[in-house]
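Please find the structures below.
What follows is a pair of complexes built around chain A, which joins chain B in one and chain C in the other.
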Partner chain A sequence: MPNRQVDIQPERRKLSVGPLSTGDKWFFRTTTIASNFAFILVALILVFLFAKAWPAIQQQGPAFIYGNTWDVESDPPVMQLGPMIWGSLQVAFLGILIATPMAISAAYAIVFMLPQRLAKIATTLIDLLAALPSVVIGLWGLLSFAPVAANWAKLLNQTLGFIPLFQITGDEPTYIDSPFIAGWIVAVMIVPIITSVTREIFSQTDSGLINGALALGGSRFSVFSRVILPTSAPGIVGGILLGLGRAIGETVAILYVLQLTFDINWYQILEPHGGAVASWILSRFGEATEKEFEGLMAAGLVIFIVTLIINGLANVIVSRAAGRNR
Partner chain B sequence: MSKTISRQPWANQSVAGNLDILIGSILPAAISVILAILTGMDFSLALLLIFLPLQLISVCTIAFKRQGARGIKDGLLILFVIFFSATVLVLLVSVLVSVVMQGSAAMSPHFIYQNNKYVSTTTSLEYGGVGHAILGTLIIVSMTTIAAVPLGIAMAVYLTQSNSKLTGVVRTVTQALSGLPSVVAGLFILSFMGFANFERSGFTGALALFPLMLPTVARVAEEALRLVPSDLRLAALALGAPNYRAFFQVILPAAKSGIITALLLGLARVVGETAPLILTINANNSTNLNPFSGGIATLPTFVYGFLGSLYDTSQARAWGAALVLLTLVGLLFGMARILGRAKKTSASKIKKAK
Partner chain C sequence: MTKFQETASSLSAENISVWFGERQVLQDVSLTFPANKVTALIGPSGCGKSTFLRTLNRMHELIPSAGLAGSVLLDGQDIYDPKMNAVDVRIKIGMVFQKPNPFPTMSIRENVISGLKLSGRKNANPDELVETSLRRASIWNEVKDRLNDQALSLSGGQQQRLCIARSLAMDPRVLLMDEPCSALDPGSTRRIEETIQELSESMTIVIVTHNMQQAQRVSDQTAFFLADDNVPGGVVEFGETEQVFNQPIDSRTNDYVNGHFG
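Let's turn to the complex of A and B:
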């Protein structure tokens, strides 16, 4: 009788891959909690900034982003961040423009030109540049670099002054405190990050592809422009975005070398007018009233959200590019 | 990787060709230096207007002579790569040299151990120093370390050993956090202090550094743990060890130097942070060893404070403190490098032994 045989079959055992001992359970519980701390931290920062910034946001409305007055004496205080946001973008853009050729060249030299030992030293030097504190860069920028860069700015103004970009309207220009110099300082700070991302991506380029191109009669230049650059372009863009995030968040170094004004400076990069949100927060913080303090919190919220989005995007792009090449 | 191009059989070069390159590189430099000295030109001007055009011409000629028209592009590529890389090197060396030169002018034994009580912006350099700021930096940074390092390592463990589907998201958020602008970290703690009724003290400064250190430690520690061959962990598990013992007795010892590297790089990241400390602590001219009350001085805020005034003596103090800070960062960084090298050799030893 087949039916009875079915009845006495043992019950199916539950298979599980979870941790078995209590120690393991606690081990995984602790690490999971710790990893959730990344989310908790982001949430906490958003909540606390938002809580303080809310009165200012409510009162200023959307003009907070694009208006160009900062008057805390009046009642109610007018706080609008337009020139600072534009200035931040301007300085960051200049920094990227200056840093990108340097970073790609350094990465190319490290991966494809230098012998192994020199390449290692060069990598260490680039990492060292990344480790320099921004207050030290600011000190150097103010006292050592700005006088030199002022000469460059003078040269640019005198030879290429007919281009609106390099015009100066003032009578006795000093050539310092300008977005141009701030752009250079930012470039010094973001070169290492773009270099290290680019280096990583370059070193993952398929060497079979390169040797194939060379064997087919390609020259160094054609290999660079047709093989290396196209395959690593997404990674380089990711690295530049990471640099952009860093540039927008840069505070102390820019504060020393840029005159922050609410007289918006659209494109004359040699003029001593400019802006940077992060530096503005720091420069106003000392004498801020309660109301202004709320406005500064709102400014902090703006750069936090912007840099979080940029960095998130950059990291996704970089890890995709790295994964694809592997 | 670096040898793929230069080691190819078709890349062999004749002695005469190398001589061409040597002459082509030295001649423009020599001509421009002589011209610059003779005419008394500004150095950067001479570099831009004489040296670069001359170098361009010489590179093109030699490339054309050696490889014909298609060599010109190669030559230009190499020239620009060298020029821009050299710019990076010059900038780095310029920062280091100016800090060391200017900073050593302020340096003396008492600059290291004295505090700045009774020192104003114009006091001569015979009095006062950064002793209080060094102590303050050490106190604040070690408080941050105590909290951030265990948590960062735990995050790294989660990222490497858990098979949860969330690891990708956690990694992305951690990486995005590592780009957190330092001023935002300061504002965050400032707002928190407002709600929690905290006084400004060294402790709040340490809190402000925490979100900056955590992602760095987590990222580097994750890389260190990833270097340990997974066979080691699987072997431990197969022998009946629970996961936590496999971690503490097998993986952690194997990744020890990598974990210490994570600690050191995290320290190097926060030791020079200025903006969050300006926002969350009060400056102090005398030594304060109590991180829970009163103002406390740190090296970055010391530099920031003295750079505000334009007197020579205060700028010299700023340079001096910057040199001390840079030495600290350099020490941490150098130690991390040495350990990093040791880490790779030990990992490869394990691989070889396999």
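Let's turn to the complex of A and C:
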């Protein structure tokens, strides 16, 4: 074999990756502008919120995040968001807790059990749920659902009341306006998102794995719990985080079914006593003074950042899961 | 060492016909698989041999539109009898698939004993079961130092032998193999063929293959399946492998084994 000449550098040719025609060029430009536009818009909103919120943040200091008081009558006004931030997390967490099993069951039924036509109908109905305006869900929650769920709350309190989580301190409990009920309402709103992501992930499950598991004597449940669920887990977690993003930002619906109180409610979820940042902003916005407006903007900034982080995390997890399945 | 029963079972299919919805894909197939024999099912694509294989351990019924006539007898007992439990049937009659399908979220070790977990069975000594099963599938020496590694870290041929080990851990009396080497390189193929020879000492084996040489190397008897447009598949010829390949009675068998079509 002749000696390879490694010292000679071959001249590189220019390879074109540009547009192929005028039409292609315009297509390329339009999509570039559109995608950058979304990015710029998010950045601008962030800058806007930050500018509006800055005076309040500066004045309130870190207590804005953990403090317990909202008093705009005093001078200077005290604006501390602790109970609302905790309440948002509490309601969102309850929502996830209720929605996740429902969504996973629905997705399993759609992908693995229902005949195709029924599966299509179920998918459409669940997607329709996501299209309902949140004010409609809020009103339904207030007028129809809360009275029913109050009975569940009563049952929980009477049977499991010895657990601090289900204790009620007041004398004549109403069992409504509680984080428990708000959690259910949020669950109804995020079930469609989690179902839709989980359905997608389930339908990508390698049928070879399922057949293999069945041939080893697996039952429906053992194949689900030992093969389908573990391989789908990262994707489902991504779907849950997407749901969490929506739950944290939920406003109107919660306002109808939750008593917002500036006294932190750590865990008694059946008490008419809770918080939600976004709902608080909405309830105060109309009558806010200039100072309070700045405080509400700062509250908006908090939600925006939390949601951004959660969605970012969700995207990373979902795309990793998709990559691994391929 | 974990005690494996050293007795194979005989299996026989009697007058099997198969439908998917309204479409009939198999017509009146009767084959006997004597204990400890290796039987090859050959025939062109779409002739129904893989479908037939799936009727032998009740995997067929998992397809929603599937229909069946006839019976499959395991040591004289009809596996489709309403009193028979499909899970018991699938444990006694193991299956290895065309594409290696180890469970990606489990380690090598967990894969071997996954059948226990999936079927809710117990084993007094899982560590021994893991070693014995991997030895029987002749992959123990390659993986003994990395039992906790992910199963997907193995090569394709190793994955397939892991899947064989996984079936063996359930101590099946019969092993069904659906083109187990079609996704593998020649070296891995040869090793799996050797494993088949060893396993036939303790179980009955039915193997679907597209590879004529493989059928001749590993099997004692061969069934040739054929289907035509609008005619459901069926067995054209069934006999000793030697005879089917060298002195076929039917001219279509002769054409197929000599590569004239298919």
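Keep in mind that, in the parts below, the second predicted complex is superposed on the first by the 298 of 326 C-alpha atoms of A that agree within 3 Å, B and C clash if a C-alpha of one lies under 4 Å from a C-alpha of the other, contacts with A are read in each partner's own complex, and residues count from 1 in each chain.
Rule of thumb we're sticking to: a residue touches a chain if its C-beta (ideal position, glycine included) is under 8 Å from a C-beta of that chain, and two chains touch if they have at least 3 such contacts.
Fair warning: this is a prediction, and the values are worked out from it, not measured in the lab.
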Touched partner set for A:9, first chain B, second chain C, both or neither: neither
Partner chain in contact with A:137 - chain B first, chain C second, else both or neither: first
Chain A residues touched - chain C or chain B, whichever exceeds: B
Contacts of A:115 with chain B and chain C, given as first, second, both or neither: both
Which superposed partner A:213 touches (first chain B, second chain C, both, neither): second
Chain B versus chain C as contact partner of A:227, first or second or both or neither: second
Interface residues of chain A shared between complexes with chain B and chain C: 115, 211, 214, 219, 222
Of chain A, residues touching chain C in the complex: 115, 206, 208-209, 211-219, 222-223, 226-227, 230-231, 233
Residues of chain C that touch chain A when the two form their complex: 57, 59, 62, 64, 87-88, 90-91, 94-95, 97, 99, 101, 103-106, 114-115, 117-121, 163, 166-167, 170
List of chain A residues in touch with chain B within their complex: 19-21, 23-24, 26-28, 30-39, 41-42, 44-45, 48-49, 51-52, 101-106, 108-116, 119, 122, 124-129, 131-140, 142-145, 148, 151-152, 155, 188, 191, 195, 203, 207, 210-211, 214, 219-222, 224, 242, 245-246, 248-252, 256, 278, 281-282, 285, 296-297, 300, 303-304, 307-308, 310-312, 314-316, 319
Residues of chain B touching chain A in the complex: 1-6, 8, 10, 42, 44-45, 48, 67, 70-71, 73-74, 76-78, 80-85, 87-89, 91-92, 94-95, 98-99, 102, 151, 154-155, 157-159, 161-162, 164, 166-167, 170, 172-185, 187-188, 191-192, 194-195, 211, 214-215, 218, 242-245, 247, 268-269, 271-275, 278-279, 300, 303-304, 307, 315, 318-319, 322, 325-326, 329-330, 333, 337
